[in-house]
Amino acid sequence: MSSITPLGQRVLVKRIEADEVSAGGIVLPDTAKEKPQEATVVALGTGGKNEDGSDFEFSVKVNDVVLISKYGGTDVKVDGVDHLILQESDILGIVG
Amino acid sequence: MSSITPLGQRVLVKRIEADEVSAGGIVLPDTAKEKPQEATVVALGTGGKNEDGSDFEFSVKVNDVVLISKYGGTDVKVDGVDHLILQESDILGIVG
Amino acid sequence: MSSITPLGQRVLVKRIEADEVSAGGIVLPDTAKEKPQEATVVALGTGGKNEDGSDFEFSVKVNDVVLISKYGGTDVKVDGVDHLILQESDILGIVG
Amino acid sequence: MSSITPLGQRVLVKRIEADEVSAGGIVLPDTAKEKPQEATVVALGTGGKNEDGSDFEFSVKVNDVVLISKYGGTDVKVDGVDHLILQESDILGIVG
Amino acid sequence: MSSITPLGQRVLVKRIEADEVSAGGIVLPDTAKEKPQEATVVALGTGGKNEDGSDFEFSVKVNDVVLISKYGGTDVKVDGVDHLILQESDILGIVG
Amino acid sequence: MSSITPLGQRVLVKRIEADEVSAGGIVLPDTAKEKPQEATVVALGTGGKNEDGSDFEFSVKVNDVVLISKYGGTDVKVDGVDHLILQESDILGIVG
Amino acid sequence: MSSITPLGQRVLVKRIEADEVSAGGIVLPDTAKEKPQEATVVALGTGGKNEDGSDFEFSVKVNDVVLISKYGGTDVKVDGVDHLILQESDILGIVG
């Protein structure tokens, strides 16, 4: 099986399809505004350094369900399944 | 019940509908300019670090009533109720 | 009575109407250029930190009469009276 | 008599009319390019801090004759006389 | 044989043609969005310094298979073969 | 005679007319691209501080012949002669 | 013979004409994308300081053959020969 290690402060996430969203859970609004979407964190990036020279630490961890902007990041397929690579700073929040 | 922990210096707020605004309270101006709106802080973000390496501290706390720009942030529904995730720096002020 | 505490380095000011400007005082020019306007400082923001980690200190204080750009900031009504929330750095000067 | 204390690194200047320019002195070019103009420094701003935390020091002083861009800054009238508030960094040079 | 040492934090990569992508591996999505592409790292740049004065260290190494944006970087031919010079920060992730 | 002390990291230069350029010297290209022009440094600015708090030092000195972009800076006349005030960082090089 | 010392972190380079490119060497791609071009480093700039106050050191040296973007920098003629002044950071790589 293939794997991707995102570079720097990026993360690899797998979108959760709308019909997988749990009842009573987070539902996407149907307005025309930018819509966030749920996704599962699959892999954290290589991290690197903060501007003050200290090690960057991710605020999310693998298997976290996160809210992401619908239009950010770059689509990639891993073993035929849609994934997304995006900067951690583009994650809006952690669900659960 | 679902919950969201905003990432970094973001906060999760719940809009206060116009007819909920107390008499004699803060009323939105009816001009065409950018209109602020009242909202209640529901959750603070994970915070993280300031540029000088110290811990970021939020100036607002849960249950604060805040003024926010009408057009900023990203709409999300939590258990069917409209909420908004926005950067704390986009909050104009605290009411009360 | 309602009150607003501006967030960060913002201040809350109340515009001084043109006919309130004292004779011999600061008068707005009638050119088409950006026009400054007099206002009274009503409340200082929560302040926060400078980039070097020291506490931010406001250069204006409550009741100062200040010159502000006519087009900056965000209008809010407090108890039915027009006010404005703006960054202190958008204040041009202190009158008096 | 009214007075203005500019905020931060701004200065208050009074334009010198073209026919006040001394013979053999600095004359504005008549090209279509951005034209500098002579002005007298009337008041220095509140100053504040440099990015490294040290006190900001003005390079100009009151009564200096300076060259300023014709289109920068904000016009204000002080006791009926045209003045200009601008960032010190927008002053091109000191004359004399 | 010719060689190129990229300057600073750039890397030299050689694209992997689509039909070289291993079965079950990373496949480019067929949407209209920005498409990442696989490439092999051929040479690392001269590196240089981080903003805090410490030595910059590459997160990728020669022979790594990486995902790159299809539209970033600058094409160069080395001994008649298409290569690409790009900033390491424009590499999305490491495959494998 | 009048004089100008440029503010900060600016310099005052006097253009060298095309027919003053020495034979075998630097000749402006006749393409449509941005054209550099020779000028003599007449006065250095007040200097000021670098971002790290150390004193800024000019790399050019009075009487240096320099290459400048044809379209940068601000024209001023000193005693009826065309001069130019520009940031030292907009000087391309020193001739000779 | 005339010479130019580039200011700051700029370098002076002399383009290598296409028919001078060695067989089996770096050949410019014939696509419509931004095309790099070979050039020889003729002179390094005055250098100056990095943001952390340390001395800037060039990564290229005189006589290096470098790849440069076809559209960057400013053309100058030195003794009638086309040269180019550009920031070192706009050099893509060193050939050989």
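Miscellaneous remarks
Read from first to last, the chains carry the letters A, B, C, D, E, F and G; within each, the first residue is number 1.
The rule is simple: a residue touches a chain if its C-beta (ideal position, glycine included) is under 8 Å from a C-beta of that chain, and two chains touch if they have at least 3 such contacts.
The chain lineup, named per UniProt: A, B, C, D, E, F, G = Co-chaperonin GroES.
All values reported here derive from a predicted model rather than from experimental measurement.
Path length between chain B (Co-chaperonin GroES) and chain E (Co-chaperonin GroES) in the touching-chain graph (shortest route): 2. Touch-path distance (fewest steps) from chain B (Co-chaperonin GroES) to chain F (Co-chaperonin GroES) is 3.
Centre to centre, using the average C-alpha position, chain F (Co-chaperonin GroES) and chain G (Co-chaperonin GroES) are separated by 23 Å. With centres defined as mean CA coordinates, chain G (Co-chaperonin GroES) is found 51 Å away from chain B (Co-chaperonin GroES). Multi-chain contact residues, meaning those touching two or more other chains, occur in chain D (Co-chaperonin GroES) at positions 51-52. Contacts between chains close into a ring here, every chain touching precisely two others.
Beginning the circuit at chain A (Co-chaperonin GroES) and passing next to chain E (Co-chaperonin GroES), one meets the chains round the ring in the sequence A, E, G, F, D, C, B.
Chain E (Co-chaperonin GroES) meets chain G (Co-chaperonin GroES) in the complex at residues 1-8, 10, 12, 45-46, 48-49, 51-53, 74-80, 82, 85.
If you check the complex, the residues on chain B (Co-chaperonin GroES) that touch chain C (Co-chaperonin GroES) are 22, 24-29, 31, 33-36, 50-52, 54, 59-60, 66-67, 69, 88-89, 91-96.
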